[in-house]
Amino acid sequence: MRTRDQYFEDLKKMRKNVYLDGVAIGRDDPRVIKAANVIGKTFDLAQDPEFEDLLTATSHITGEKVNRFNHVNQSIEDLLKKQECIRKLCNLTGGCIQRCMGADMINGISAAAKDVDAAHGTNYYENFINYLKYFQENDLIGAGSQTDPKGDRIARPAQQWDPDQYLHVVERRPDGVVVRGCKVHNTIAPYADEIIVVPVRTLKPDETDYAISFAIPADTEGVYMICKECFYLEREDNLDAPINGYGDLESMTVFDDVFVPNERIFLNGETEFSDRYALGFALYHRHSYTGCKPGISDIIMGLTALLADYQNIRKTTHVKEKLAELISVAELVYGTGIAAAYTSQKVSSGTQVPNTIYCNVARRHAGHNIFHEWDTLTDIAGGLCATLPDGKQFNSPEVGEFVKKYIRRKEGVPEENIWRAYALAQDLLTGEYSSVTFQVAGVHGGGSPVMEDIAILGNYDLNSKIENVKHIAGIKD
Amino acid sequence: MRTRDQYFEDLKKMRKNVYLDGVAIGRDDPRVIKAANVIGKTFDLAQDPEFEDLLTATSHITGEKVNRFNHVNQSIEDLLKKQECIRKLCNLTGGCIQRCMGADMINGISAAAKDVDAAHGTNYYENFINYLKYFQENDLIGAGSQTDPKGDRIARPAQQWDPDQYLHVVERRPDGVVVRGCKVHNTIAPYADEIIVVPVRTLKPDETDYAISFAIPADTEGVYMICKECFYLEREDNLDAPINGYGDLESMTVFDDVFVPNERIFLNGETEFSDRYALGFALYHRHSYTGCKPGISDIIMGLTALLADYQNIRKTTHVKEKLAELISVAELVYGTGIAAAYTSQKVSSGTQVPNTIYCNVARRHAGHNIFHEWDTLTDIAGGLCATLPDGKQFNSPEVGEFVKKYIRRKEGVPEENIWRAYALAQDLLTGEYSSVTFQVAGVHGGGSPVMEDIAILGNYDLNSKIENVKHIAGIKD
Amino acid sequence: MRTRDQYFEDLKKMRKNVYLDGVAIGRDDPRVIKAANVIGKTFDLAQDPEFEDLLTATSHITGEKVNRFNHVNQSIEDLLKKQECIRKLCNLTGGCIQRCMGADMINGISAAAKDVDAAHGTNYYENFINYLKYFQENDLIGAGSQTDPKGDRIARPAQQWDPDQYLHVVERRPDGVVVRGCKVHNTIAPYADEIIVVPVRTLKPDETDYAISFAIPADTEGVYMICKECFYLEREDNLDAPINGYGDLESMTVFDDVFVPNERIFLNGETEFSDRYALGFALYHRHSYTGCKPGISDIIMGLTALLADYQNIRKTTHVKEKLAELISVAELVYGTGIAAAYTSQKVSSGTQVPNTIYCNVARRHAGHNIFHEWDTLTDIAGGLCATLPDGKQFNSPEVGEFVKKYIRRKEGVPEENIWRAYALAQDLLTGEYSSVTFQVAGVHGGGSPVMEDIAILGNYDLNSKIENVKHIAGIKD
Amino acid sequence: MRTRDQYFEDLKKMRKNVYLDGVAIGRDDPRVIKAANVIGKTFDLAQDPEFEDLLTATSHITGEKVNRFNHVNQSIEDLLKKQECIRKLCNLTGGCIQRCMGADMINGISAAAKDVDAAHGTNYYENFINYLKYFQENDLIGAGSQTDPKGDRIARPAQQWDPDQYLHVVERRPDGVVVRGCKVHNTIAPYADEIIVVPVRTLKPDETDYAISFAIPADTEGVYMICKECFYLEREDNLDAPINGYGDLESMTVFDDVFVPNERIFLNGETEFSDRYALGFALYHRHSYTGCKPGISDIIMGLTALLADYQNIRKTTHVKEKLAELISVAELVYGTGIAAAYTSQKVSSGTQVPNTIYCNVARRHAGHNIFHEWDTLTDIAGGLCATLPDGKQFNSPEVGEFVKKYIRRKEGVPEENIWRAYALAQDLLTGEYSSVTFQVAGVHGGGSPVMEDIAILGNYDLNSKIENVKHIAGIKD
C-alpha cells in the first residue's frame, strides 16, 4: 500500500488537466493538496495499528492486504466494516471522506459485469478483475463518475437537442472506443489516479452508444477537469483547527473525444444492463451514506451539545428533545444500514450486495433530514454562529479583549474554547465547504430523495401487502 | 402446547372478576371470546407446519418446544424471529397480536433478576425460573402489567395524596406480601391466565414498598378487571371479513389487597433494581414494536395502494410519493429493529437483550409517525372512507343498487370489493378498535415518545461526540 | 325567521326519502333529530340578543333581518362576521356547525350567475335572486351538494364507463330538465329543506350536460338520501354532556331522474362557467374553514390544556411547546382568513368574494395539520383517553369506586370532572362522529389539500416572482 | 429627506470606530459602502415617484414627509404599508432591507414611554418626541440594539459571573449616565447614524441598572463596533448581477463606559417597564418579518420556478407540490401579518400596535420553515447549485466553452442565463451573506422560535378555551 507521500508524489507527475480560475494547474497546487488531505488520511490510517482493522481488508483476488476502499465486499462483515470505517473517518476529519466514490464504483461493477458476460459472451468481468488487481496493487484512488449533465430533463439521452448531454461513444475502433460527453459533480476527481465511469440511467435498446462503462487514468488526453473549490475561511495560525485543514474540489469532468482501450471497458452497448451498473454504484453509495451521514450527524449533535453546555442549557427540556431528535436521525440511518448489511446477498461474482430497500429508506431519511439538522444546530447555537468576529478581531491588540469578554458564556470555559466552538459552528453553518458537501451533497449525493423513492417503489413487494389487505378485508379475486 | 379450544375451556373455568357494563361477566362472554380470538390465532399457528418455525421455539430450560411468546430469547436469531413473527401475525389478523405483553415481561424479568440475587443474596431468579417452567409447560397467557395510574404527575409514588396511585406492598407476611393499587391500560388481561407485574419507574431508596414484581393467576381473590371494550362496528353476515372477527378489551386491573406468595415474587424492596425491571420490560416491548408497528404499516400501505388502484390513480406521482413515505416509515422501524437484534448482548442469566438505542429510536420513529400514516390513508382514500353507507344499506332491496352504483370506481372491479375495501378504511379510520389499539397505543404503547427520548439520552454516548468535536475544533482541555 | 320548533315541524312534514339501515325513515326519527340539533342551535342563537349581531344580517335584497347563514356577503365586514360566527358556533357545540354548506353555496352562485347572463343572455341571476328571496323569507336550510362520485379518477365525466358518475342532464323539456346522478358526502342533506347543486369541476365545451346548477326541495320525487350516521357513544344520564347531544348524518344523495323546473336552474350548459360555480362554492367553503377549523382547534387546545392541568403538568416545557404549536395552527388559519376577508373584492353582482390565495393557503394549512393536532392531544392525554371505563362502570355499585379512585390526578379535582374530561378526549379520539367530521372532513371538506395546491398554483402570480429573480440575477430576456 | 450621496457623505465624517480585520476603518471603506448599499436604496426609492407612496409617510409630529422607516405608525394603513414596503424592498434587493432595525425601535419606544411617564412622572416620552423630530428631520439611520451577550444563560443579569454580560449603568451623573456592556448581532450598526438601545428582557425590581433605554450617535466616544463581514463571492465584471452589489456587516457593539446625556434617555431604572421596551421592539420587528420573510420566500420560490423551467420540469407534479408549499409558507406569514395590522390597536401615545398573537404566530411559522425552503430550492436545483464552475472558468478561453456546453438545459435558454440562475442559487445556498442573513437571522432575528412560543403563551387567552371545553364536557366548578 502507498503512503500519503507516495500518493502526493504520484499526483505531482500527472498531466496538467485540472482547471481553477480558468487555467490549468498542477496537482501540487496548494488547493489540490488541501482538498486531497482527506485522502491522505486514508493512507495514514491504513498503516496505523489502531485503525488497521477498519481501514484494510484482504483482497479476494490476491489474498493481499488492501485498503478497505479498494476492496470488493465479500461478506456481511465486510459491509458492516465499511459502514463503520466511513463513519469513523467522517468523525476524525469532520467531513466527507470522499474515497468511497471509487470503492462504491468497483463494487457496483463487480456485482454486475459477470451477468453481462453470461448473457452476451463478453469478457467484461475478466477486464474488471484485471483492472481491480492493478488498482489494488498500486493502491489507487478512483473517481467514480456517473452523473451526466442531462440537459433537458424530459428528453431521453438520444433525444437531447445537444447530443453530448449524456456521455456516449462517438467512434468504435478495433482497439477501443472514443467517448464524448461530461460527468458532473465529481468530488475527488482532481486528485484521483483513475476515473471510473458508468451510465447514469436505465436505457432503451436503441440507446447503445450510451451504455458504456470504463476506467482510464485521470490525466488521459482529452480529459478536462473544470473545478469548483470549496473551503472554509482561512484561519489565523494560532486559531487553526484540524477541520480547517480539509476541503474539496468538485469537478465538471469533460471527455473531449477520449480514447478508451478495450481492456478497460466494462460495458459497451448492452443496454439492458445499463441500470445494473447505474443502480449498482448508487446502491453501494447509498449504503456508504448510512455510514457517512451519521458521521456528519455526530459532528452536528456533538457541537450542538457542546454549545448547549457552554451556554449552560444542556439539561433544559427543549435542548434534550432536540438532541434526542438528532440522535434518532443518525441512528435510524445507521441502524437501517446495519440491516442492509445483515440482509445483504451474494451475487454470481461472489460480490456481497446490500439490501436495496434498507439502503434506500436509510439514505432517503438522511436526505430528508439534513437541513433539519442544520436548523437545530442554528437554533441551539444562537446568533453568534453567524456574527462571531473572526480570528483577526480575536487577536487584535485594539479590540481582541472585547471580543474575548463578550463571547463569554458559562464560568470557567476558556474564551478561546468558546471562540473555537462558535467558529466551527460558523464554518458549518455559513462556510462554503459545508454547504456544498454536507447540505447540497447531503440532499443529492448518491441520488436525490426522489431517486430513492423510485428505487424503493421499484423494488418493494407492495403487491403482497395488497394481497394481505384483500385477505383481511374478505376480498376474493 | 395448548390448542385454541383448551385455552378457551380454561378461560371458562376462571372466577368471574372481569367487569363490563358495571357487572361481572364470565370469560365465556361473547365479547371476551371475540377479543381473545387473536390469542387463539397464536395457538392455531403454533401447530400449523407453515408457521411452526416462526411461532415456536425451544425452551432453554426444558429443551421442549414452546410457543415463541413464552420463550426467553437466547440469541440474535431468537430476537430476529420474534420480530418477524410479530409482524407476520399483525399482517394476518390485521391488528395487534397482544400476546407479546407476556413475552416481553418474562424476558425483562429474566434479564434482571439474577443481578438482584447476586447483589442481595435473594432467590428471585430461581423463583422466576420455576415460574417460567410452569408457564411454558402449561402454555399460559401472561398479561404484562406495568403502568400505574400515577395520579399527580409531578409527585413521586410515596408523595401522592392518594397513596395507592402506585401499586405497593401494604402488608408483609412470612409466606408472602399483600399488595394494593392498580395497573392500567392492560391489553389482554381479561383473557390472560396470569398477571405479571413490574414497577413502572426508577425508585429512590426509601420507596421500598413500590419495588415489587410478581406473577399471580388472573382471577386471584382481590383482583378486579374493569374493562373497556374496543370493537369494530358489526357487519352484515354476507359482508363479514376476517378483520372484523378481532377486537380488544383494555383493563384497569385493580389489586384490592391481594396476597402474593413468596415463590411468585421476583423483586421485593430492592429499589435500586426497580429501573432494571421497568426498563427491561419496556425495552423488549419496544423491540416488539419494531415488528408490530411495521405490521400495521403494512396494512395501511396495502390498503392505500389498493384504494389508489381501485380509483385508477396508483401510478400518479403524488400517490407514489406517499407510498414511498409509508414504506420508508415501516422499513426504517423494522430495519433498525434488525440492528437492535444484531447488536444485542447476553447478560448474566444468558438472556439476550436487544440494543437500547436502536430499540428506542425505532419505537420513537414509529410513535411519531402513526398519525401521519393515518393522514396519508385518509388523503388517498377520499371522503368515502367516512361516508360509506353501511352493510344494511348495501344489502337493502330499496336502495342497495344505488349504493353499489355510486361507489363504483375503475371499470371491472366488483362493487362488493370496493365496498369491502372502503369498509376496511372506515373501520381503520373511524372505528374504535383501530383508534384505541393503533392510534393511541401506537403513540403510548411501550412508552410514549418522550419516554424514548429519555431512554435515548440516558444511554447514548453523547460525550464521545463532544470530545470528537473538540478535537476537530482544536479545543484542548 | 323560524324557531327551532318550526324547523323541526317542517322537517316532520317532508316525504320519507331518508334511508338508514336500508329503509326509509321519517325526519322525526331520533337520529335525524339528534343530528339536526346543531342546526337548531343556529335558530336559537339568532333570537338570542347576545348572539344576534353574529347570527343575523340584513338582506341586501329585502332589507329584512335574515339568519347570517342565509345571507349573501356584501362587505369585508360581512365576511369577517361570518368567520367569527362560525368559530363561535363550533366552540359552543363542540363540532361542525354544518349550516355553512348552504351559506357557501348561495354565495358561490351569487358571485358567478350574473356573469353567465352577461355572456349568454340567460336569466340565471334573476332565477337565483328570486330563489334567494324565498330562501331568506322562509329561513330555509340548504344542503350544498357538489361532489360527484367521480368513478374512474382519470376519466373525464363523459368518458366514464358508468355515465352517471357525474350528475348530468338526461332530458331537456320546455319547463325544465331531468337530471340523473349522485352527490356524495352530503353533510346536513337529510335535515335540510333544500338541496342546492353545482358542478364539481372545470368542464370542456362538449360536456354541456354536466354544466348544471339548480335548487330543489330535499324531498323531491326521485331524490334518495342514503345515509351514514355518525354519533358519539351513548352516555349514562348522570354523565351526559352538551357535546354528546350532537351528531351528523352524511348522505349519498341520489338523483334518479329528477325533474328541475326552469325557474330553479342557475346554470345549464354554459360549460366555460362551470369552474366559476365549482370553485365559487369551494372558495367560500374554504373561507368558512378558516372559521370552523380554528373553532375545532380551540376544543383540542382547550382539552389538551385542561388534561395537562388535571395531571399537574401544564407548566412543563414540552406541554407549553405543544400548546404553542396548537395555538399557532389555529391562529395562522384564522389570521389568514382575516386577510382573505380584508383583501376581498366585489364582483359584478355586488357579492363580496374573499381572496383566493389566502383562503386556500389557510385551508391547506388546516388540512395538513389536523392529524397532527390529534396526535398532540393523544400525546398529552396519555393512554386513559383510550382505556377509560365507560359510564356504566363509573356508576357501578360493584366497581364504580375503583374507577373513581384510579382516575384521580391532581389533588382537589373532583373525580367526575376527570372522568368527563377524559370521556371527551375518548369521544374526540376514538369516537365515530369526531373521526368523520373532524379528521376525514378536516382533510377533505371544502377540497383536499391537493385541491388547494391546484387552486393556489392556478391563481398565484408566480411569473412576477420569476421576473424579479431574473432582475436581481442580471438575466435579461 | 437626504439623498443616498448625502448619507454616504455623512458616514465619511464619522469617527473611526468600526473594526474589521482587527483594525479601525473609515466608513468610506469599500466593504462598508457595499454593505450600506441597501440603505442607499431606501433613500433612492423615497424620491422615486413610483415608490414614494410606499417609501414615505407623513410625520404625526411635524406633518412633514418622512421616510417610512423613520415614521411612527398611527393607523392600520400605516402598518399595512410598512409590511408591503418591506416585502417590496426585499424583492428589489434580493435580501434583508436592514433599515427596519431603526423603524421598529422608534415604534417600540413610542408605544411604551408615555406609560412610564404616567406611572413615574418621568419625561421619557418628551425626550423621545424631541429625539424623533431630530431623527426624522435629518432622515437618520438608526441601529436598533437590543441583544446582550447574556453569558451564562441560566443566570439573571445581576448574577452573571462577568457583570457586564448585560449592558448596565455604571455611573449616574447629574447630566446623564455612563453605561457599560455590549449589544450583539447588530445588523446595520456600522453604517447607521445613531444607535438606539433597549433592554433585552423582563427585569426584577432590584435590577434597576439594567433598565436603560437611550439613543446616541454611532461614533460616540467609547463605542466600538467589532464587525463580521458577510458578502457573496466576487463576480467577474461581465457576470455581475444586482444581488451581488449587496452585503452586510454584523456588529458586536461595545459600550466601554459610554456617557449618555439625560435628554437622550428613554428609560432609566423603571424595571417593571423593561419588558414593554424589550417586547415592544420585538413585536414591531416580528411584524416587519411578516413583510421581509415573504419577500425572501419570493426570491426562493421565483428561483425554484425559474430553475425548474430551465430544466423543463416546471409542470411536473412534484415540482408543483413544492411550489405550492413555498407559496403557502410565504402567504400564511404575510396574510397573518395583514391580520396583525387589521386587528392592531392604538395605545396611549397614539402609536398603532400590531396584534401580538398574529405577529408571533406568523414570525414563528417563518422561523420554523426557513431551512425547509432552502431544502426545497436545493432539491429542485440539483447538484449544479453547489458545483457550478465560477465566472473565471465560464470566461476562460481554455475551458469556457466546455462550461457553457455542459450547463445547457432546455433548448433555447442562453447559457449565460443558465449560469446566472445557478450562480444565484449558489450564492443563496452556499454564500456567506445568505447563510447569515437568511438562514441564521431567519431563525433568530426578532426572536428565536422559542421566544415566540413564550410570547404566544404569555398573551393568549387559553383559559377561555379551557372554560369552553368544560362547558361542552359538562364540567361544572
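Letters A, B, C and D mark the chains in the order given here, with residues in each chain numbered from 1 onward.
Basically, a contact is a pair of C-beta atoms (placed from the backbone, for glycine too) under 8 Å apart; a residue touches a chain by one contact, two chains touch by 3 or more.
Quantities reported herein were computed from a predicted structural model and do not represent experimental measurements.
Participant: Could you classify the subunit B-subunit C contact as same or different, where same means more than half of all interface residue numbers appear on both copies?
Facilitator: Since more than half of the residue numbers are used by both chains, the interface counts as same.
Participant: Of the pairs B-D, B-C or A-C, which one shares over half of its contact pairs with A-D?
Facilitator: Most of the contact pairs in A-D are shared with B-C.
Participant: Taking CA centroids for every chain, report which one is farthest away from subunit C.
Facilitator: So the farthest one, by centre of C-alpha atoms, is A.
Participant: What is the distance, in whole Å, between the centres of subunit B and subunit C, each centre taken as the mean of its C-alpha atoms?
Facilitator: Computed from C-alpha means, the inter-chain centre distance equals 38 Å.
Participant: Distance from the CA centroid of subunit A to that of subunit B, rounded to the nearest Å?
Facilitator: 41
Participant: Could you say which residues in subunit B touch two or more other chains, in rising order?
Facilitator: 318, 321
Participant: Inside the complex, what are the residues of subunit A that reach subunit C?
Facilitator: 316-318, 321
Participant: With touch defined as at the start, can you tell me which subunit A residues reach subunit D in the complex?
Facilitator: Interface residues on the subunit A side: 19-24, 147, 149, 151-155, 161-162, 164-165, 182, 184-185, 224, 226-228, 230, 250-252, 254, 256, 311-313, 318, 370-372, 374-375, 378-379, 382-390, 392-393, 395-400, 402-403, 405-411, 429-432, 435-436, 439-441, 443-445, 448-450.
Participant: Considering the complex alone, what residue numbers of subunit A touch subunit B?
Facilitator: 91-94, 239-243, 298-299, 301-303, 305-306, 309, 320-321, 323-324, 327-328, 331-332, 334-336, 338-340, 342-343, 357-358, 361-362, 364-365, 414, 417, 420-421, 423-424, 452-453, 456-457, 460, 462, 465-475, 477
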